[in-house]
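Got a structure for you, written out below as structure tokens; questions coming shortly.
Every chain is named by a letter (A, B, C and D) in the order it is written, and numbering of its residues begins at 1.
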Amino acid sequence: MRKLQIAVIGYNKDRCTEEARLMAYDVGCEIAKAGAILICGGLGGVMESACKGAKDNNGFTVGIIPQEDFSFANEFCDLVICTGIGFARDFITANSADGIISVGGGVGTLIEMAVGYMKKKVIVAIEGSGGVSDRYAGKYLDERRRVPILVVKDAHSAVQIFSCKVNHASS
Amino acid sequence: MRKLQIAVIGYNKDRCTEEARLMAYDVGCEIAKAGAILICGGLGGVMESACKGAKDNNGFTVGIIPQEDFSFANEFCDLVICTGIGFARDFITANSADGIISVGGGVGTLIEMAVGYMKKKVIVAIEGSGGVSDRYAGKYLDERRRVPILVVKDAHSAVQIFSCKVNHASS
Amino acid sequence: MRKLQIAVIGYNKDRCTEEARLMAYDVGCEIAKAGAILICGGLGGVMESACKGAKDNNGFTVGIIPQEDFSFANEFCDLVICTGIGFARDFITANSADGIISVGGGVGTLIEMAVGYMKKKVIVAIEGSGGVSDRYAGKYLDERRRVPILVVKDAHSAVQIFSCKVNHASS
Amino acid sequence: MRKLQIAVIGYNKDRCTEEARLMAYDVGCEIAKAGAILICGGLGGVMESACKGAKDNNGFTVGIIPQEDFSFANEFCDLVICTGIGFARDFITANSADGIISVGGGVGTLIEMAVGYMKKKVIVAIEGSGGVSDRYAGKYLDERRRVPILVVKDAHSAVQIFSCKVNHASS
């Protein structure tokens, strides 16, 4: 029986605010406490903070990295998927998620959101986390209005949504 | 000496309006007249109309399709790249463009825009073409403000921008 | 501290012999007993038997599947990576391995071996398992003679090689 | 009406012999004379020589490169597909071929052959060109015996085979 796989997406190392880092850490903690597996892009910023939060709570963390070599992953990944396909790996992160939590983020995060949206995944943005998470909170990514980007006040609420919703959303 | 490779992105078959189809046809015509190569995702809707426009003006057209088999490409492609990597091929379409012209479009178009934006490609939206082209016209896709989505009134103006701008934008 | 990630490759469902299935099951058992993570292509045949072996010994199993949807993975995968990039996912399976164990197999297995060989991974074929595993046992895949395909008599010996060799091979 | 797309695969820059370079040049010439499009991996060695041969005969050449940026392609490519997916682009080169001509080559060439073999493409090796082309000449890549690697004495014979065979092989 496969566990829930929750993707955390958001700011990379270059743009990550201290606030987003703390929020991402909390998201990692909550995913671990809920007994779900945390998947992410495996690099720095939000990805690293979320992995650290999960590890501090005995969670299991997966880094799906653009590069071919393990060494690019952050140190808090229990498992590293070395895609070697560059940033097209954003598709794999989103496809492999039962649900997605977004913390801030730039255009890379937008791509991951968009892939999740195409597949009608449950996507939750943390309120006030900045970047594309705030920009698209409560909105649809295109005219098709497939799924709204949900908004929550904090990490705990984000993970709670998944416990309720995900089983219906993921095929 | 490689010719300019201009990508046309936009509505797929399911959502394409008659207006967007005509605009895309014009874009194809202008690309061919300018002596550039038209690249696109190789399927229906905007992609097909643009290819037809280019073929009607003796242009050369390239379809970069998600599938493994040639048969999925529209009939106006001179060359078909069968990626077999699904919609992650959006990365390849955008990476392979010296510049991008957008006509309407949904979330798939947004992904192609976003990849182009990451790489600071010149991206031009046709005004009034609907979808994400109108939504992002004149805007930046994230806080980094790398390149604005330019807006033009018609296909002719779109292709003119490339003659001037592209050589500086593409590495 | 990341655990060892050992890839099991070999016959898919269509061509898998009963003998290869048993060998793959044993390989899965031994990987789990060694405390390593089993990664594989996530589908049937050798992949499924190896996963079952690992699960019967409280191991952790990862299926890296060609498709976009979880439902294609065999039921013994603890984690499913839905690549959506078709059989190009063979690159990801091999890139993500600290070492590779091969049980029988056809041309898909040969591709995974070849990717591992390019990256100088330790690759071990189980003797008598048939297919490309026997064909390349003890040989090099090209003139560069990067790494030989090692041969072992059974699953236990295969996993033992990794405990000794892998730390030096993987970067 | 799409033209025939013939892929040329073989030694990269590092290992290319002078003899293979000349053979590849001839292959490029013959593809152009036959009015087909030459596709290849877009880099050095056999790929570059084949492109040069085609260009010297007014052919059209396509380089499908691993990188994201045009600058990695050899100078004889009329069109560059910047996949950005690393060597997993081998799948795209082979998938996009109506037929494949192999000149020498190492493990990367073997992967392209293998992908073509999976899809039952017509694959022709030039006799005496070395590497995996000679190693697999006249053989099958696995027990399934899908298609044999055909052998021919020279470039002219290779291209002749395609004129006869390809229409039946490619779907």
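Observations on the model:
As a convention for this text, a contact is a pair of C-beta atoms (placed from the backbone, for glycine too) under 8 Å apart; a residue touches a chain by one contact, two chains touch by 3 or more.
The structure presented is a predicted model; accordingly, all values stated were derived computationally and were not measured.
The greatest centre-to-centre gap from subunit A, using C-alpha centroids, is found for D.
Two copies of one chain, subunit A and subunit B, form a contact in which over half of the residue numbers belong to both partners. Centre to centre, using the average C-alpha position, subunit A and subunit C are separated by 28 Å. In whole angstrom, the spacing between the mean C-alpha positions of subunit A and subunit D is 40.
The multi-chain contact residues of subunit C, meaning those touching 2 or more other chains, are 68, 84-88, 91-92.
Within the complex, the subunit D residues that touch subunit C are 15, 85-88, 91-92, 105-108, 110-111, 114-115, 117-118, 130-132, 141-144, 146. By the touch criterion given at the top, residues 68, 84-88 of subunit B touch subunit C in their complex. Listing the residues of subunit C that touch subunit A in their complex gives 2-3, 5, 37, 62, 64, 68-71, 77-85, 88, 91-92, 95-96, 98, 119, 170-171.
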